[in-house]
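Here the chain labels run A, B, C and D in written order, and each chain numbers its own residues starting at 1.
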Amino acid sequence: MSAPTTRTPAPLPEELAAPERTGRRGSALVHRLFVVRELGILAALVLLVVVTVIANPRFLSGQNVRDLLLSAAILTVLAAGQTMVIVTRNVDLSVGSVLGLSAYATGTLLVEAPGTPVVVAVLAGMAVGAVCGLVNGVIVATAGVPSLVVTLGTLYAFRGLVSLWASSADRLQINAADLPAGFKSLGGARLLGVPVLFLVAVAVVLLVGYYLRTFRSGRELYGIGSAPEAARLSGIPVGRRVLTAFVVNGALAGLAGVLYAARFQTLDTTAGTGQELFVVAAAVVGGVAIFGGSGSVYGAALGALLLTTIGTALPQLGLDPFWRDAAVGALILAAIALDRALQLRLAARLRGRNARRDR
Amino acid sequence: MSLFLTSRRVRGGLTGLAVAAMVLTTAACGGTTRGEDEGSSGGNDAAGASADPDAEIPADLAVAFLPKQLNNPYFDVAAAGSERAVGEIDGEFSQVGPSEASASSQVSYINTLTQQGADVILTSANDPNAICGALDQARSGGASVVTFDSDTDPECRDLFINQATADGIAQTQVDLMAEQIGGSGQVAILSATANATNQNTWIELMTEYAAQEYPDMEIVTTVYGDDEDEKSFQETQGLLQTYPELKGIISPTTVGISAAARYLSGSEYKGRVALTGLGTPNQMREFVQDGTVTAFALWNPEDLGYLAAYAGAALAAGQITGEEGESFEAGDLGEYEVGADGVVVLGEPTVFTADNIDDFDF
Amino acid sequence: MDHASAPPVPPAAGAAGDGAVVLALEDVGKSFGAVAALRGARLELRAGEAHALVGENGAGKSTLVKILAGVHRPDTGRVLLDGQPVTLADPAAARAAGIAVIYQEPTLFPDLSVAENIFMGRQPLLSGRRIDRRGLARRCRALFDRLGVALDPDRPARGLSIADQQMVEIAKALSFDARVLVMDEPTAALSGVEVERLFAVARSLRDSGAAVLFISHRFDEVFDLCDRITVMRDGQWVSTDPTGDLTVDQVVRRMVGREVSSLFPKTDVEPGEVVLEVRGLTTRGVFSDVSFDVRAGEIVALAGLVGAGRSEIVRAVFGVDPYDAGSVRVSGKALKKGDPAAAMAAGIALVPEDRRQQGLVMELSVEKNATLTRRWKLARAGLLSSRAERAQAAEWSKRLQVKAGRLSDPVSTLSGGNQQKVVLAKWLSTRPRVLIVDEPTRGIDVGTKSEVHRLLSQLAAEGLAVVMVSSELPEVLGMADRVLVVAEGRLVDDIPRARADEDSVMLAATGQGAVATGGAR
Amino acid sequence: MTVETATPTAPAPAAPGRRGPTLPSGSVITTFLVLFLVVAAFTVDGFASTRNAGFLLLDVVVIALIALPLTLIVVTGEIDLSVASTVGLSSAVMGRLWLAGLPLETIVPLVLVLGAVLGAVNGFLVTRLGLPSLAVTIGTLALYRGLAFVVLGDQAVADFPRAWTTWAISSIGSTGIPTVVLPLLVLVAVTAVVLHATPVGRALYAMGNSEDAARFSGIDVARTKLWLFVVTGVVSALGGVYWTLRYGSARADNATGLELQVIAAILLGGVSIFGGSGGLLGVIAGALLLGSVRNALQLVNVPSDVLNIVTGVLLIAAVVAPQVAARVRGRRRRPAAT
């Protein structure tokens, strides 16, 4: 269909010729606002770090930064996946449980078959996650019920599965000692001083970001979230796309599970409990609209980094770690309020432009 | 028009709620403030009844094991001990428990046990008071309640099995640390939750003991890992950031010490910062072998569960009533005596080192 | 694509296009649950013709369109493409078959750029199936140049005026060379100039051999654009004839199946005292310094181009939208601003522009909708009385001759005209002093249309002050005692009935000389 | 999640995904509840006893209580995920004030006012700034819980007067039915009347189905929603007070995760998450069903893992079932018509 049209219509009557083009101001404006949005998070991040460093210079010590990046890696991967789901005007609350399930599965695999190459272990973890995502996706896409409810249910169900599995397999906890050295080395491994796990997360973010921006199906995810009905009418396979988003998100949650296993190396049935809150928070703070259609995975990644930094920075600032949740909550509110403000300003500017044009 | 009425209706609802709130409040006498209310009506139904040391332990005792949380390795080992004991007295053993360590869900399970008419309830409290009401009902329903590992308000249970005397635990850990850091330098404590009864007692005692025995040893802070692996792991990070001069960490909780050990073994602090505390051999084996940890301590949780079960049986049989001075047989652990406040002490903790750790499997 | 090679047919000016039959529907039936929307519907589109599809609301036009669009699938009958039976399984299939549909309400992705909206799913690609963004913008601009639209391809669709959205839709249809262009009441929201531009596009498409299916309630447009007219009634095909052989009256008779009395029966009434006073009403960026009076027994029309701010003004008057400055008085009493309840209490009623979104709660029953405005009045001791509600609903649906199955059915099951009557019932039952109607007859059938007009003039005669916003000049000229012309958010003229005609109104509305009069004859 | 999902060009036949308010909401779930109770009574020993009924109700009371106002909010198409955190914060503040030596008679009203404020914050952000309630209350979910810990830290305040704590779990005579059920019933009745028999309730359904249409009918949507959030805050605070007394322990982490159970009960009760449909009867039935199922399964020693799975599956089934049913019905009708 993308072939250029073969017949050129007759020219329009003279008096209907277009007024001179208003130029690219609209887009420029839009892009500026989005940049503002992501720079905002970055600024907040920098500010936080600076303040903390003043309070405790060792905050930027190699070890601490590495720990920070390590902790951020897992949340970032989750946030990347969640972004794909949220832009389609859905949400996946079950990621915490999926992480737990895949982490435990990977651990079990490595205990049962210590010879398993790391790559296989990673793929296995992702597969487990993908299956969970498939379950969510199928229910959401075929039964047409709100993802909030479905994934709330699977949040319970998947967690139940983990502990059921653990208790019936009589392996309640997988300790560092049980895991093969090859896999454990992954946790501490570095490339040019940067933790490998973090590099993995970065790679994931770049991949997802690139996909969402430069592939038709990626753009269609945004379309679906932006106007579901329009998506249907313009022939987008909504069900299939949403399903895909859930599966990919599941697979990434699975990957996060593997990273979790590699990093903490002690796995029990509670791994990843309550993560869903922070994941959604990261996305929202990163400027991903909760009702879909807009937001970038880069923003979400920055959001994840910011949340993690807050977590580690608060004690350094002599603040009770109790403040963390409060800070996260305040941050979410600030973020959505900011988005709203930007959106209104944008709309106002564009309306102004129309008013001028409509004469 | 409808606007005013709308909000008026809602306001009406609001006042309705306020009224309901008053129903709640006025249910008690006016002006109730703190401390003026000593009317304790704890279900001490066991008291009064006299103990018969020679009573037979009835067969088919229904013994229920209710841990803080299901699928927690430590409690699983303890449960195994209890199960063994119950087997020895031909009782019926069952383990129930919530999937999250919260007092409210423990209450729901205690209620279920009451309803099922359990003879003995062995439990470790998520909150010293929150489960009291439920336990009282269970006891008035005829159940004997034995707490272990983490006690409740003494009024709400018949016996508490203490893993070791608080002093014993505190001193062992401080001594172990002192040995490793040469008795001087900054030491931090990585505990479980801040309202975990036993941890707090130990920390108190450790601080006192250290102060008099090792004046150069400074306990700089106590942080809480909430018995969550990840949180403990990160709290350890935080400690080493905040206290560059830190010489050692004491973690009186199995989750905490293994998390801390794992962090140290993977960081530049390995070998430079000493670590000891309470941990299970299986979790710590690797770190003892790789030299991150030289020595740590713990009682044997299996024995703890074992003793708790026998204590419960003794209560149910009427051999004891929980009064101070009474004594009972606890299978191959031998005879135990009830101390003040109905506390039974398991014994001194075991110290695990590279030499003996492989003899244990729990 | 096969059809690309088809010989370009000569411009079929006015006469019936004699091109080959591109698309045909053969006695197609479609029912939703118990409701049969189509039974034995027929349609035949030839290459190079502009074909009108007319019929009352509920005649099944929209269902037919949705079948062409691949949204619905017929239960019975066949769809023929170039004489070959095809199944349009989904919108994608219809599009692949070269069928482009422009819906009444634009269906765009507000968050995506205009260019992406047009090429969604068909973006030009680079190697490795990557989207060619530069090519995307280029082709989009090319389209806009052809259409003579000045839109920035990279701006988001959010915030576009309805007219611009419509243009984007047209560009979308244009972007893949459609063999069949279906336009479902595209002009409902367009002003004269924009309609002309749309028609120019439609014609040029037709002349280049495409088939254009045009659905509208505006006969002037139908007769202006189309070569043949197909009339439908009650989901059935009635007739298909060359436009030349038909008169408006004939078409109307076939649609309604009966004689229709004259369309605009406004009778002259001696206006009473001033009921509604609007002074210096201003909302920054939307409209400014709007002042006018409305007297009892008067019908005052707000005319002007879409986007001029007419609806915004009446919404501010009713209090649904807040305003920055000015005042609204009802028989001398000042109104609290931004407070619809207060406006209602003062006796203002607003029949809004968008029946589905604003006028009715589609999921609620007819009776609940009809009594929503009086739920407190009808309540006994603060408790709803379903008896009182049913009684009132029944009374008013009788008075307005609402055709509804049961009053407890969801209002969504009614036809557009009857829905509009329910909205009127909902408001007239509040016994208003001022009745504001915004596009009172948009998208409702001829029969109901004249009923509404008769009702309005009768109400005016009873001393009601009526404010009417309308984009249909004939309606404005027929009904209004005075025409207030709005342009760019300002009240530019106040034309008494005597002086009001096409030119005077359009002249004022467009603010300058060069105007294409809205296509009306 | 809210009105945004309404389709712009909805065809005349009610679009799937929404359930018309016409069908008697909750009747299904209520029948199901009755069936379950009967079956359980005969198959699970110890289930059908006054004492067990008492235990069961005690566990359901707070969920049902908070479900009342939250149902109204969901009917209007909004949501409040911060209720459980409000319970926690109220509990923490209650403990802190008790430590400070204030009499409970003063503390309780203060805590209720606090609840009103917390609710007002949600309401303000949603109705005045026009932010999506889902995102807002996820934010306050974290914020309020965090503040709870800031207020009371990890400590637990437990020395509340026995008179109060025992009252909280006392039962009416020998019936085994908890005393608190009485005030709860009053609130249930009030809420049911407001929702189903007053113009306010009508307005709630209207705005839940179409916010615009409601506004154009003179309904002050923003203000009504604001008040709903306030009421929800107050009721949640009340829940916090009761929770504290019932467990005799004020803690910052009280009722963590309760919001999920409340929402589960509401959705189980047949209230559409999109708003505009559902009824209170169903919600109460839903809460009781969740409670009874857990209780019964516990009595037969089903491990808590399985309980979680069951809860999850129940929840999903509750929303999927009607959809499937609707489609089947649709499929059956079509051939009949032609």
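Note that in this section a contact is a pair of C-beta atoms (placed from the backbone, for glycine too) under 8 Å apart; a residue touches a chain by one contact, two chains touch by 3 or more.
Please read all numbers here as calculations on a predicted model, not as lab measurements.
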{"item": "Chain whose Cα centroid lies at the greatest distance from that of chain B", "value": "C"}
{"item": "Pair of chains joined by more contacts [C-beta pairs], C-D or A-D", "value": "A-D"}
{"item": "Separation of mean Cα positions, chain D and chain A [Å, integer]", "value": "29"}
{"item": "Euclidean distance of C-alpha centroids - chain C vs chain D, Å", "value": "42"}
{"item": "Approximate Å spacing (C-alpha centroids) for the pair chain B, chain D", "value": "33"}
{"item": "Centre distance in Å when chain A and chain B are each reduced to the mean of their C-alpha atoms", "value": "38"}
{"item": "Touching two or more other chains - residues of chain C", "value": "103, 107, 339, 341, 344, 375-376, 382"}
{"item": "Residues of chain B engaged with two or more neighbouring chains", "value": "1-3, 5, 9, 70-71, 99-100"}
{"item": "Chain A residues counted as touching two or more neighbouring chains", "value": "159-160, 163, 167, 227, 229-230, 233"}
{"item": "Residues of chain C defined as touching chain D within the complex", "value": "29, 31-37, 62-63, 66, 75-76, 103-105, 107, 318, 320, 339-341, 343-344, 350, 352, 354, 356-365, 368, 372-373, 375-376, 379, 382-384, 408, 410, 412-413, 426"}
{"item": "Residues of chain A that touch chain B when the two form their complex", "value": "56, 58-59, 61, 63-64, 67, 71, 159-160, 163, 166-167, 172-173, 175-177, 187-188, 264-266, 268-270, 273, 311-312, 315-316, 321"}
{"item": "Touching residues on chain D, where the partner in the complex is chain A", "value": "1, 4-5, 7-9, 16-17, 125, 129-132, 134-136, 138-147, 149-150, 153, 252, 260, 263-264, 267, 273-274, 303-316, 319-320, 323-324"}
{"item": "Chain D partner contacts - residues on chain B that touch it in the complex", "value": "1-3, 5-7, 9-11, 13-14, 16-18, 20-21, 23-35, 37, 39-41, 70-71, 94, 96-100, 102-105, 107-109, 111-112, 114-117, 127-133, 153, 193-195, 224"}
{"item": "Contact footprint of chain D on chain A as seen in their complex", "value": "89, 139, 143-146, 148-150, 152-161, 163-164, 167, 227-230, 233, 277, 280-281, 284, 290-291, 320, 322-333, 336-337, 340"}
